[in-house]
Amino acid sequence: MKFYARRIGFYAVTLWATISLNFLLPRLMPGDPADIMIAKLQRAGGEISETTIRNIKTLLGSDDRSLWEQYLAYWGRMFQGDLGISVTRYPTPVADLIGEALPWTLILVGTATIISFVLGVILGAWAGWKRGTWVDHIIPATTVLQSIPYFWLALILVSVFAVGLGWFPIFGGYDVFEFSDGPEFSWAFIADATRHAILPAITIVISSVGGWLFGMRNMMVSTLAEDYITTAEAKGLRPRRILTTYAARNAAIPSIAGFSITLGFVVAGSIVMEQVFTYPGVGKLMFQAVGASDYALMQGVFLVITLAVLAANFFMDLIYGFIDPRARQNV
Amino acid sequence: MNETIPAATLEARNLVKDFKLRSGLKTSILHAVKDVSFTLESGKTIALVGESGSGKSTIARMLMKLETPTSGSILLDGVETPNSGRAIANYRSEVQMIFQDPFASLNPFHTIIHHLERPLRLHHPHLSKSQVRDRAHELLERVRLSPADNYADRRPHELSGGQRQRVAIARALAPGARFIVADEPVSMLDVSIRLGVLNLLADLQREDNLGVLYITHDLATARHFSDEIMVLYRGDVVERGPADEVILNPQHEYTKTLLNAAPEPENLGKLRDEVRRELAGL
Amino acid sequence: MSDNQSNASNAGSESNATNEPSTSNVILKEPPTTVAPSTVALATQRKPRRGVRALLPSFSAKLAVGTALVSSIVLFAVIAPMFTQNPRNSKNPPLEGPSAEHWLGTTKLGYDVLAQLAHGAQGSLKVGLITGGIAIVLSLVFGVLAGYLGGWREDTLALVTNIMLVIPGLPLVMVIAAFAPVRSLELVSIVLGITAWAGAAYVLRLQTRSLRTRDYVSASRVAGERSWRIILVEIMPNLLPLLASQFLFAIIFAILGEAGLSYLGLGPTDSITWGTVLNDAQSGQALGQGAWWWFVPPGVLIALLGCGLALINFAIDEIINPKLRNAPAAARSVRKATKAGRGVTGAEGSAPASATASHSTGADA
Amino acid sequence: AGGNGGEGSSDRALRVWAGSQTPIEANFNPFAPTVLHGALGPVLEPLFFFNKTADSEPVGLIGESYEYNEDGTVITVKIKEGLKWSDGKPLTADDVVFSFTYEANNPTGNGLVSAEATDDTTIVLTYATAQFTTEFQRMGSSYILPKHVWSEITDFATYTNESPVGSGPYVVDKVTKESYTLVANENFRGAADLGVKKVQYIAVDNNQTAQDLLAAGKLDWAGMFIPNPESVTGNGKISWINTPQDPTVLYTCSNAALGCVGEQTDVAVRQALNVAIDRATIKEKAFVGMTGEISPTFALVPRDQKWIADDANEVSPQEADVSGAGAILEAAGYTKDAEGFYGKEGVAIELSLISVDGWTDYNDAAKLIQEQAAEAGIKVNASTVQWQEFSDARQTGQYELIMGGVIGTSVADPFQIYRDWFGGEIVQSTSPVGTEIPAGRWNFSRYSNPTVDAAVQAATSTNDEAEKQALYGTIQTEIVRDLPYIPLVVNATQTFMNTKDFTGWPTEDDLYAFPPSWGAIAAGYILTQLAPAK
Amino acid sequence: MTAEPVLTARNVSIEYEVDPPVKAVRNVSLTLNRGEILGLAGESGCGKTTLAYGLNRLLKAPALMTSGEITFHDRSGADIDIIGLEAEQLRAFRWDKISMVFQGAMNSLNPVISVKDQIFDIFDTHRPGMSKREKKERAEELLQLVGVDPNRLTSFPHELSGGMRQRMMIAMALSLDPQVMIMDEPTTALDVVVQRGIIREIMRLREKLGFAVIFITHDLPMLIEISDRIAVMLQGQIVEQGTAAEIYHTPQHEYTKRLLSSFPSLRGERGDFVRTGSQVSQEQVR
């Protein structure tokens, strides 16, 4: 039980640290939410009457309890799943906003991450298998992809393929004009949403596949030098079998471990991308929250992101034994 | 080199070492060394033999204060020695160690001379820079790495295994220790050079009147290079006595097994015949 | 956590180690082998190289291209600002394409893009270096020190590392950056730095832990060395390739991170960096106005610098793990020799079998 | 309802971007800060529509006419007959009385003494003070609410009013995270004439995307800044119009007596800066030529032409006058140092100029001003700050120079600016450094001039044009000299509209309403004027 | 036992294509007789492993066989030219005729799949007709043969002790009833007691199944004890070949003598070795 106890202890401490950090950060900031809201309206060009200003102030009156009381109250709310109320989308609860955005992000970024991983691992395995051939010269080129600023690539892709060539939609998670009643469960909608996801997904895949590819290729090269590969060859096994069950299976272990972590970052991973594509996901919420100093929303998103990472880690703890039998004795 | 009083002794008294093992959900206690005592005298060699995992290295590491005994004590000239703190430095100028693997015990990053100068400086702070260098060269010559200049500025990977082990021996000699713990000093070396290294060690021991704890699983060399043999089995000393006595007239069952397992060219063909007979018998 | 697992190299402790969270980059890197070298590995070691050179990656095309890229960008940052205009000179005509006078055209305010890029290079490199420096110092403390100390001190430091590992970086940086009223270049670098070290610390800690039990570390303890000296003199040099690689990674991370932050409007407010140039271009709707000369070059420079650093990193990977260099090189040399007709087992066979030269077919025998 | 797949293109929804960002949260409560644009005008209406782009008579919406008594304390309003709410219930004077007395409209703060419905269509509003200057607030921006719905709403601040009952031309059809759709209100008084039956407001997160949509012909109406309008008009559908409205200025913390610190408290420094600035360059580079020329009187020309007392004050200087700036400073006792910067007693003038990070045009303008001032020997350091700091700085007066905006007036009269931005402590428009400005007032420069205050107070209680002109002349002389806000430009307001598929838009020649899609009330009024092209 | 050859190698030379090239095996000729144990001795780096890999054409880059003929004389009487085999033929040939046991069994077993799967892999490739039950029965039989509890079949390599792993490897090597088994230092990493057990096992199986063994080690005393014939290698060449008794009693080559003298006798005279080895320690260290 000790192993589990320690892991759970770790998760608890991390969670506590994140949530407390979450609590503290905005309180270290000057200014109060009412001002922010007024300014936001003013910037949007609307006339701000005295009435509105007065209304905002009554709404978002400042909290003058002691920090400690606030902290306790904060935890109380946390336990009820109450993440507070968004200032920018007043009076929508933060939890609702996140709940609506989460599926978009999970589906798009999740799928893209999986595609990128699978593609990278397969290509990497192949490149490792073909080590010492022309393929070696192509591998370093993938580093360029990795080093391209994400949003820069996205903007160029949009400008060329969506605006210029008109092959892809310009923005959003689906065609808001075609489906003005919002998402629905129909093939037409799913097809449309898929079409909208292609360009963002390509951006993610392009800028992340190189890492997987390179990592897998290197592991593959090392693995192929292992004795058990020689043994497998001596056993007269077919090359395909050696490639898959002996080499790739072992070489992929670190990648799979890394993948689970990356999955955890799916929620956070696309802040910039979602911004470029006006994609209705969590990353964009985060950006809006930061831009508008919507602390409650910021905290909420940050918390969800951290939870996702922890969940992925926990999941990894659970399944690691299946990936690597050597770890089973610990689970 | 230094005239030691004849009664110099390094004594291990009731050494016990337990390791806590954590495997998954359970923790268990591994008794790696159970109540081992012996006294090493200067000029004498004690061989510690036993199969893999019997606790030989653990004893060595406790002697070197790299591991804290669970209980028991180590006495130098009859005086209990500290387990930590500054006083350890003095202890270490008296007791030194040669590690099993000459590939791993020298830092690949540093030159040979660096490996020798450091202990010289640490244990003889009064020496000047050039004196230190001279001493280091002297040490190289003593371990038959001559001319010393040839070797001083090389790095470990530029030397062969045997040469490296000689450097390791020189390093152990540098502080002017009276006792040397040699943990399987030649098991990682090529057969043809093992004896050379062991002989060198024996020469140096005689010259300096060193006390040596020779750890090995090779019974043949244990017999030839030591005065006394202790047979370790699962952390216990199951048999001890003068070298020839233990080898030629083993008492304990385990010692016998060990002896039987050792290859013996004299027995050529014997095993085959034995097996054939056995099969025929079936 | 399993951090203070005993060092006995039973399978348990190895696999436990991999159980711990880690970022993908980190985990993808093959942990350097610490096993005693086999005869073959020893035999294949090249001619020994002396001194610091022994630590430098041996020459390879990757290294050559990488250093060429990085050094030309560094040179650009150092030299170009002496020859270009004041990057804030608005006297030029606005938004003009490349011309003899303005090689990379001008921005909306008439700033010379080349001048902006040259000064931006300084800014971006500065961000990279400061961030890299902070990250490396922190990862030394939380990695090397923790790994060396062991026990509860390691546990505590490792806990902090693990927390920092799972706390997502960019959002944290965004939150902190959003809270800071004025963001100097240094502040942005520091914020990036304190979110960039955990992965490196994690790897360094595992590595140090294995180095700590290395015989030569025990040997220097037996020789009577003090702890700090053991860390600095015995352990650190062997971590140098790893440290170098982590440093480069941190720089890449920082430059990309800074660009991302700038895009989100959270970049440094007092300096020119490639990120702020990009942000200016973006908010000046450079792409919408077809001013590619304003928008494209900063991105390309970032990509090239990142690519150069990554290539150097791969060269370092090859020292840490010689298999990476040897196996492909070996396959190549054998192919060459076989082509020259020196082998008796014939040329390389069809695709799948070609992975190892020994699968040769003997087709021409 | 909803699906528009089968309908012909002439019946398709008008697609609008009014600045909403995703995700959209249904909120049609006009008192909520996050109210959706569609609520203000298309769904809910005030009594009258005031065209802020021209000096013209208000247009009756619910209202038929209104009339002030002599001293301006009583307003008698007549509303149209036979009006209905969108749910079919009749709209009567009772609803108007309810709205004016409704807590959210702050009747006590407004000084409302009584509101009475004398018959079904007549309402008499009695106030404690003269209301000549609040004509727009009362008649043009107080939304009339259905009593039968709102009388039950006590928590007006958090009420979201998701399916609003209104009097305007449209009702809410559907709200999603990405867009919301309005359809024609069958009970609207002009339902028969309504050309556009369906309006879809979409959410877009950045200008670039909206620009791309316009260029692709997917968006029909947007008010946003596009530096190269040709890029979206190229498709032959979109036309654009520019209606500069809001002044852009340099706030200066000008009043040392109220605690301002820095050389900008010296009027000579402000005057020198004023002439050192090259407004033409700023217009061209920072605002890509879209802005209007500003009058130092803050009257919007040509709309407010009649209020400018001295023709010399019609526009601020457009070119930089470096020597003029030097002369002003030298006359005030400043001398140039070795580096070419003016200073006194060996200390060079050094002013920090902040602008909000991400407000690109302002940031650009600040950078240019730094350069231009340096040429005239005044050291200005431009930097950007987070919005929060900017807000704190101007609220508390702890700043030297800020690139900022002044809110243009909604009627053809600069009075509101004079009172809210230039009024001193006496008229409760400002407060000492360290204290926040009173709510609803904006005098961030801490300017406090008894002459101005007296004129402002006098102007509130008169409706006589000549008298007002004289009072404004007094104010103008003071502020043009003192320059607590150094005027730069009148900020551009670009509007893009699909003139191919829809007709009836405001044009340069017929600016019957303020055109941008985000304009409250005006946008709703424009919608009633549109029709699909045949 | 008649001296009927099962494997003959003639003039085998193997080079490592590195800079400068290493001639690891030079012109080696070797004959392995049916059913015998041929010991291959020599110090580290003399080319033993390289030669063994070469015999099975398992050389990995950068090793390259530059000359030589290797012929396998099948039980059926057919001669197989190993050098000339096509990739697919070679694959089918391996393990079926010649199997190998490598140094360090931990590394020779795939850590992520069970021993059972690794044994089944062999049957799947070489004996595609076998049913699942047959495979299982055969695998259990093999385990029994090498003295491991058949229950351990489903274990993963890390769950087994070093000796058990080595036995698993031997079981695998026996699975196709090969005629030659090459064992490259199969017991070096094990302790003496375990080592003895395994060697005994090999001897027993050899008697039962009649395969020939090439046994590689640098432990000359052990080789002498167990081999029928011994070949001594020095720097890529075989400097001496003969029966175990010949090598032990009448070594011809200088190097063989020196090698023999490197092993003090366990029970023999203490003699020369007792701390007097000054001249020996002067010996040039390679």
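Letters A, B, C, D and E mark the chains as written, and numbering starts fresh at 1 in each.
Simple rule for what comes next: contacts are C-beta pairs under 8 Å (C-beta built on N, C-alpha and C of every residue); 3 or more make two chains touch, one makes a residue touch a chain.
Values in this document were obtained by computation on a predicted structure and should not be read as measured data.
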item: Chain D to chain E, fewest steps along touching chains; value: 2
item: Farthest chain relative to chain E (centres taken as mean CA coordinates); value: D
item: Chain-chain pair with the highest tally of contacting C-beta pairs; value: A-C
item: Label of the chain whose CA centroid is most distant from the centroid of chain B; value: D
item: Chain B and chain D, separation of their C-alpha mean positions in angstrom; value: 90
item: Whole-Å gap separating chain C and chain D, where each centre is the average of the chain's CA atoms; value: 51
item: Approximate Å spacing (C-alpha centroids) for the pair chain A, chain C; value: 22
item: Centroid distance [mean C-alpha coordinates] between chain E and chain C, Å; value: 44
item: Where chain C touches two or more other chains at once, by residue number; value: 2, 11-12, 178, 181, 265, 282, 287, 327, 329-331, 335, 353, 356, 358-359
item: Multi-chain contact sites of chain D, meaning residues that touch two or more partners; value: 208, 212, 358, 386, 388
item: Contacts with two or more other chains, residues of chain A listed in rising order; value: 3, 29-30, 132, 155, 225, 233, 253, 275, 291, 293, 324, 326, 329-330
item: Complex contacts: residues of chain C adjacent to chain B; value: 2, 5-6, 8, 10, 12, 36-37, 42, 45, 48, 50, 54, 214-216, 218-225, 233-234, 237-238
item: In the complex with chain E, residue positions of chain C that touch it; value: 11, 39-40, 43-44, 327, 329-331, 333-338, 342-345, 349-350, 353, 356-363, 365
item: Of all residues in chain D, those that touch chain A in their complex; value: 2-5, 13, 15, 19, 21-23, 25, 27, 31-34, 104-106, 109, 137, 141, 156-158, 160, 174, 176-179, 181, 200, 202-206, 208-209, 212-213, 215-216, 218, 223, 358, 386-388, 391-392, 395, 407, 410, 439-440, 516, 518-520
item: Residue numbers on chain C that touch chain A, as the complex places them; value: 1-2, 11-12, 14-16, 18-19, 21-30, 61-62, 65, 159, 162-163, 166-168, 170-172, 174-179, 181, 252, 256, 259-260, 263-266, 278, 282, 287, 295-296, 298-299, 302-307, 309-311, 314, 317, 321, 323-324, 326-332, 335, 352-356, 358-359
item: Touching residues on chain E, where the partner in the complex is chain C; value: 15-18, 22, 44-45, 49, 53, 57-68, 83-87, 90, 158
